[in-house]
Every structure is written in C-alpha cells, then in structure tokens.
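Inspection log for the structure reproduced underneath, given as structure tokens.
Chains here go by letter, A, B and C, matching the order in which they are written, and residues are numbered from 1 within each.
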Amino acid sequence: MYDVFIIGSGVSGGFIALELSKYNLKVALCEKSLEPCGGSSRANSGIVHAGYDPIPGTLKAKLNVRGSELMPEMAKRLNIDLNICGSYVIAFNDADDQKVYELYKRGITNNVADMTVLSGDAVRKAEPNISDKVTSALYARTTGIISPYKLAITSSELATQNGVDFLRGNEVVAMEDMGGYIKVITNKGSYDTQYVVNAAGVYADKIANMLGDNSFGIIPRKGEYLILDKNESGIVNSVIFQVPSDMGKGILVAPTVDGNVLLGPTSHNITDRDDKSTTKPGIAEAVAGAKRSVPTVNERALITMFAGIRAVPSTGDFIIGQSAANSRLFNAAGIESPGLTSSPAIGEYVVKLMAESGVALEKKKQFFMQRPAEKKVCSMPPEEACKLIESNPSYGKIVCRCEKVTEGEIIDAIHRPAGAVTLDGVKMRVRAGMGRCQGGFCTSRVIEILSRELNVPETEIRKQNEGSELLYRVLRDPEAKQ
Amino acid sequence: MKIDDKTITCIACPNGCEITVSFDENGNISNISGNKCKNGIAYAQSEVTAPTRILTSSVLVENGDFPLVSVKTASPIPKELMREAVKQLAKCVVKAPVHVGDVVCGNILNTGVDVVSTANVGTK
Amino acid sequence: MENTITQQYIDKDLVIIGGGPAGLAAAAAAKENGIDDIVILERDKYAGGVLRQCIHDGFGLKIFGERLTGPEYAARYEEKIRELNIELKLNSFVLNVTPDKIVQALSPEGMLFYRAKAVILAMGCRERTRASIMLPGTRPAGVYTAGLVQRLINIDGYVPGKEAVILGSGDIGLIMARRLTLEGVNVKAVYELMSYSSGLKRNIVQCLDDYNIPLYLNHTVIEIHGRNRIEGVTVAKVDEKKQPIPGTEEFVKCDLLVLSVGLIPENELSKSAGAALNKVTGGLFVDDNMSTNKEGIFACGNVVHVHDLVDYVTLESVNAGKCAAEYIKNGSANGDIINVVPENGVRYVVPNTVHRDSQKDSVNFMFRTGNVYRDAKIAVYDGDRLIKSIKKKILTPGEMETVKLTADEIKSVKGEIHIGVEA
C-alpha cells in the first residue's frame, strides 16, 4: 500500500515526489513513458519566468513568483544549469507599447524585482540583432533559462534516490475507490494507495474523471519549436518575447542553457492530445515569428524540430488542491506556462495542502538534499579528467562527437536512480545525439552501451516508448544457421 | 522465336546512354543502337547475354573483435544468383582471426567462384 | 578549456587528425618524404574511417587498377602505416586545435596535449540530417541517415527495418538500397528531389535497376508518420522550385526511412584552428600545397570537399603529406599567389589559390558543377585569355571533374584563374 501515488513525472510530479520524499511516506511516481518526463515538460520553452505575466491574485501569479525564487536553489541542489539571462518583451507599435507598460505594472503588483521599460534603441544597444522596428521593451533581469526535461528528470532522480518508487512504462487505465483506499490500475498491474496526486499533464482531466472529478477540462494546445546549431549562439543573449496574446506568450528567440538557439513556439489548439508532429506551416510560422524579432535568425542552421503540447486548463488558472469529488485525490492540473517556473513551488504547495487536509507528515531522518554532480569530462580541468580516466578509461572514450559525451558519462546516466533505459533517455540526460549530427554517429554506439549495461538484446533497445524499437533484427543470427 | 528488343542503361561512363539491343530470329544480336561511343557496344553485349555482378556481403565471425567480416565473390557471379548467394552466406560462420583474401565459402552455389573476406578481423 | 602553464606537451613533427583514407595516405606520404615523428589521432576504434563500412566494391580503380571493396582499400593503407611504423592512436578524439598547433585530444590514456610543427586536418564529413531538409512530421524510431544504416548493418550487424523508403539518390542511398534488398528488406522506392540523381550511373543500374527498385525524380518526402516506430511517409512530386505540388501527395507505408540527403565537411576543429572555410561547400580553403590559410595547418580529403571517389582523396592526401613534410623541413612556400575562381556553372574549385612558382610539374584543379550539362566544355581563363578548353559529353553534380594545368601554364597567368562551363 502506497501512501501517495503520483501520476505523471513531469516537473510537477517530479517536484511533488521530491517534496514528499522528505517524509516517512511510501510514495510512487508513476509515468506512462519509459523515462521520466514523457509529456509537456519535455517540450516547452524552458523559461524561468520573472512573473510579470500572470494576472495578479491567481495561483499562476503566486506560484510563478515563488517558483522563480526557489529555482536557483533547486538548480543547485539538482546540479543542473540555470542561466539568469534576463528577458525582453518587445513592442512593435503603439498598441504593443501600451501592453508592455501594462505588463510592467502587473509585474510591480506581482512583486517582480528589477524590471525596466526601455526604448527601442536601448534594447538594440543591449541586443544588437533585435529588429529595427522594435519601439520599446519590458526588460526583466530575473528571467532565466533552464532545460525543462533535465529539471523534470533530475527531480525524479533525486526523489527516487530518496526512496520514491519510480514506476516507468505504467499507464493508468482506471482507478477505483475501495472505501479505505484507492486501487490504481495500470497497463502493468494494480497498486493500492491512500492518496492519489494527479499531475498527468494533458491527460489530467481524464485521470480526475476516473475518480469522479469532472470539475475541469484540459485543452491540448500544440507548440512547434526549432533548435539552431551552437554556431548560432550569441545571436541573442537573453530571452526575446513578443507581447503576449490570448494564445500564449508568442514566438520567442532564446538561447538555451546548452548553447543552442531556440525559436518558437507556435500556438494552436488541437484535438489529439498526443499529436506531437511538426508541420510545414508550423515551421514556417515559427521562423517568420522569430525573424520578426530578430531578422538575422539563420534557419539554415536548424538542427532539430519538435512540438510540445501545453495542458491548458478550462478554468484559466492552475487547478491545484484536494478534489471536491474525492478527498483522496489531489490535483495538480492545468499546469501550462508558467508551470515550469512554478514547479518547485507547486511541489511545496501541494504537500502543504495535503498536510492541511490531514495527511500525516513526519520528517525522515536521512534525506539527500543534493543530487550528485554529473561527471562531464570535457569541461573538467585536464588534471582532473586524467585522474578520472585513469580510474576508469571509459571516461576517455568519446561516444557523441557533437556534444562531446564520453562512454563513462552514458554508463553513469544508465545506472543512476531512475536511470536511462532508452536512446532518448540517454539523450535527455547527457545530450548524446542532441548535437548537430542528431545521432548519425553515436546512435549505434549508444544502443550497444544500453544493451550491454542493461543486459538486454540490442533489438530490444527503444528510442522512447514501447513500440519504438530501433533495430528490427540481427543480420546474421548464429541460432538461425542450419 | 523472335526475342524482343532489350533496353539497358550503359554504365561505361556517366553519360548513361540508353542502349537498345535487337535480336534476329536465331536469338543473336542483330543491332545495337543508342550508344554514343564504342564502349557501349561491349557493355551491351555482355549485359544482354550473361549479366554478372560482384556480390559483396557479410559473414558472421566467431570470437572476433568484430561481429562480422565483410566478404565478396572473388569474381563476378551470374546476376540472378545474387539473392540465393546471400542466403547461403547467412548460414556461413568463420572463426577469428580472418585475413583479407581468406576463402570463407568455396565455390558458392557451384559457380566455381569463391567468396573471400575483404577485411581483417582479429580475435576478441 | 584553459590550458594550465604546468601542462605537459607531447612534441610531434606532424599531428594528423583523422585515421580515415585521407589521414592514412597523408601520414604515409609524410613519412616517405622524411618525417619520422608523426602521430595519427583516430576517434573510432578502428582506422580506415567510413571505408570500413563501405563493404561494396568499386574503390581503387585509379590508384590500384583494381575494383577493391572499402575495407580492402583501407587495409592496404593500414598495412602501409604499420610497415612505415607510424604511430596510430585509436579511440582518440581531438577536442581542440589552436592556430599555433596545440592539439588537445581525449583518449582512454587521458587528456593529451600535442605541440606540433605541422597539423593535417583529415576529419572527413558528416551526413546532412532530417533537419537540414526541414522534414516535418513525428519523431519516431526508424528514421536514419544512410551512413548510420550502413554502419548498423555492416559493422554492428543489425537490420534496422523490414520495409524501407529511401530519400535521396546519392551513392550511399543507392548502395543501401541494394544492401537492404539483398538482406530481405522490401525497399519500396528511392525519391529524389532533383531532376537528376547525384549518384554514379553504375550505382543506379546495379543497385536499383537490377532489383526493380523505382527511382522517382522530382519527388520528395514531405511528412513522417508514426508515433513510436515510423509507420509511413507522405511523398509528393515537386515543381521547378522544388515545392511539393498539391494533389500529388501519396502515403507510402514503411518502417524505415533512409535519408541520403548529402554530406557536409566536418570543420568544427578547423574553425577552432582559425582556418578559413568556403561558404559554398563548408569545406576548407586550401592552396596547391593543401595548406589552409593558417601556417603549418594542412588539410585533405572530405574535410576540404566531398569527393566522389576515394582514389582522389588519396591523391590529394599524398600531396598534403608531401607538402607538410616539406614545410616541416624548409618552412612555408613563399612567392606569388594566384586566385582560382569558379564561374559559369562551376560551384567550387579546389585548390582555391595556387603558387605561381609551384615546385610541381602540374596542379590538378578539382571541382563540381551545380547542374547537369551535356556536350559542354570546361574552359579555363586568365582574364580574357583562354588557357585551356576541354570537351565533355556530360558534366553532372554527382561526379567530380579535374583539370590539369602545367607549371608553365600556371606561371603564365597574369590575373586570376577562372574555371567555368561553356556551351
């Protein structure tokens, strides 16, 4: 019997799990994908928002500001990169200028520090590649960039290290209130639990429905993104937004923590919640939108394209708290932007609400605050690298040429708590295959390493989920010989 | 019986002439046309009478530092035997070490042609 | 990464980056020209580069007068390197090359810093990807570049699918069509965006026609379908501007999409060394000695321009090795420099400059055209003066062309050498 069963290991689920893992509770973190972070958290802008955008008084506003405060400490504890690079919301005309000023005022109400409204020229002085047509901008110093999937994965990893059971490849198909507890039925088995936390992203409404909660709906909204080669880094040094609309924060141009350039997202409501395909019009829209802000954007330096699905709540605000329909259900639903920024605060807030509603929380004696640092051989001082390689030569073997990832680093990613079992799992953790050749050179090596370390045949190694096996068969099978 | 004309693409040079070969009542070549140079005639003659190809493939290696060794037919074999020859090679296993030129499958499909290794594979 | 003052350097006369056909031939040539202190740094676990996975035949006709397979061609040079006792370091990945020829490499022996008198860049090329052609759709398993498919089958021994579509009719795509077919994969078709194939004619005949695999010119894949494993692609005919023609879309079921959409010289290290690149090809700028614009840094093979035949890589690399040896012994070649300019349908020319008083008897100028020309001439001009004109029955972008100018012809040039196509 679990005390708490969390459905969904995106940033919300990850931070709720991490927060709960401080206490003497038996916690499951259930994920339908084979790796943590299979949904919305995997594909979004990766922005830590300053907090000027949400309407004052909303949960979004409250948790955005708190999340933004917590993020630097969280990034340190999780040992991932956070770059507080600042942002500009740029205006192109009088109406935009007005919106910029409104955002500024909203930011003041939301207690956002270090904002300024700048003239077009002042913006261009700071970011020389920004369009000549820009008339003004809201500068927010505290905006940051982070890898969204690294944030979700590392919070899940640290929670797992602190005793949370990570249940991968488990898709919840039904739940039953058994009176004294809830039975959660997945495609892999059934689990009993006192409480359920619903952090199921675009499927959160369906999950809530399983326990009779029909109080909200989730509207899937697709956003398409482009990633440019690291050679393009420096085209902007901060996040460049356009003024937001009802459909979101518009198309941005931003550096990534890993040194690439991110363009996008588009914003279109869709009906298929799993439709993560990119489209020709979507790509064109993202390019055109990015060029409007930064005309010198070089789309020929494209290295990959992807789409993410935002979980837009029917209520307009985050839906967080104990369900009115079933007191054993806590929702953390409708976590659209600024969900990533809010996520550490969501973890804190959900657990606070659970305590208030009577869930007994007793602190554990031992809790690992800090996720161990990943070894990155190519960014170490040479002496340190040499010592490491001497102790284990696999740290001296480059597997991914573009991102300079060694075999040792990949092996580490596989054997960490809630470690990688798939090609994409390795890619999201250590960036092997994420560079300009997009796995052309390293795919076969990573498959080989996964197979060896996990002791499964190479033909069973998957890209992402079940059914995404990378290889069809062995070319020459000794068993098949006559 | 009269054989229909055959059209083939010449590979003697990048020009890639479409060459038409005609036959007489006895099945002998009566005319070759479409070629821009005389290289095309020789190519067309062999291609319509007895087309042959070098087959390259791989064979499983036991105890090697690579799982496979690349191989080829030491000389061209009839084109129509290519698929069958690969099936034959799929059943073949050699022990490491293997050296360039080692015969890994003698007289494949009774063509009189040996399949030889084209790479060196050391022991594990 | 900052290098500390206490850093231990390994001094070498010549450091060669890359142990593929270019690096091996250059090393052998340097050694044969009197340089003993050489190291070849190879990132893979074997030497020979991509030749090891090119198990098909057709290599070596120019150099050896035989139709060798890739591994056989590589083995000859590996043997030569062994005989000449040249140091070859495998699993050694070069992280950085500085303009003053410090080469930093990561290997299972540790982080190594070489201080070289001369460096030869021979890193080869990489494949263009799905993103480089902006191919939209889902991101399932089973979408691989042709070179990756070749490695999976020929080196690792795995068949990556059972029903394949090939996009791009470059040579690797054609070769893989045959290889997959012979291993029982149903290769449904090869689609080519252009109105011609960039592959060699013999590959079209022997890899496609032999197995009745259709080649659709002026066609491309416009979308990838399938959530986990690829389930199919949408293909369409394209117009003269290479845009898909509405109404011609067709769904083709497959569980493997092989992308053979071109190669790009891999020049990240060249950039760190400060060597200038050709914007058209992404290859390095070199002179007739295969020297980059950075003194003592030479280059050869696909890092300079993507070759059609390995034999030409070898010839070019022998020149680079010889000239690097000459540089180590006697310093830079001085004297008047003549620019070489591609024009009228010629996309690029290698070398980009030539010494007026070249010590060589002749210099080969290698180039590719941007389009197909029939019954045309290659014309070499010095200003308005025609130096040379060569009749060609056909010129295609898929085949590299060569013009040879003698030392006297080069000496006579007053302005620049212009190479172009004439009707």
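The rule is short, and it goes like this: a contact is a pair of C-beta atoms (placed from the backbone, for glycine too) under 8 Å apart; a residue touches a chain by one contact, two chains touch by 3 or more.
In this text the structure is predicted, and so the values were computed from the model without any measurement.
Engineer: Work out the mean Cα position per chain and let me know which chain is farthest from subunit A.
Structural biologist: Computed centres place B farthest from subunit A.
Engineer: If I average the C-alpha coordinates per chain and also across every protein chain shown, which chain's average lies closest to the global one?
Structural biologist: Smallest centre-to-centre distance to the global C-alpha mean: chain C.
Engineer: I'd like to verify one number: the distance from the centre of subunit A to the centre of subunit B, where each centre is the average of its C-alpha atoms, in whole angstrom.
Structural biologist: About 53 Å separates the centre of subunit A from that of subunit B.
Engineer: Roughly how far is subunit B from subunit C, going centre to centre by Cα mean, in whole Å?
Structural biologist: 27
Engineer: Averaged over CA atoms, how far is the centre of subunit A from the centre of subunit C? Could you give it in whole Å?
Structural biologist: 38
Engineer: For subunit C, what residues touch not just one other chain but two or more?
Structural biologist: Residues 153, 155-157, 183 of subunit C touch two or more partner chains.
Engineer: Can you list the subunit B residues in contact with two or more other chains?
Structural biologist: 58, 60, 67-68
Engineer: Two-or-more-chain contact residues of subunit A, please, as numbers and ranges.
Structural biologist: If we look for residues of subunit A contacting two or more partner chains, we find 475-476.
Engineer: Quick check: in the complex, which residue numbers of subunit B touch subunit C?
Structural biologist: 8-11, 13-16, 36, 53-58, 60, 66-68, 70-72, 79, 82-83, 86, 100, 118-120
Engineer: Which stretch or stretches of subunit A touch subunit C in the complex?
Structural biologist: Where subunit A meets subunit C, its residues are 274, 276-280, 282-283, 299, 302-306, 377-379, 381-383, 385-386, 389-390, 393-394, 396-398, 401, 404, 406, 423, 436-441, 443-444, 447-448, 458-459, 462-476.
Engineer: Which stretch or stretches of subunit C touch subunit A in the complex?
Structural biologist: So the residues of subunit C touching subunit A come out as 1, 3-4, 7, 43, 91, 93, 95, 106-111, 113, 126-127, 129-132, 134, 136-142, 144-145, 147-148, 151-153, 155-162, 183, 222-225, 227-229, 255-256.
Engineer: Touching subunit A in the complex: which residues of subunit B?
Structural biologist: 58-60, 62, 67-68, 90-93
Engineer: Considering the complex alone, what residue numbers of subunit A touch subunit B?
Structural biologist: Touch residues, subunit A against subunit B: 475-476, 478, 480-482.
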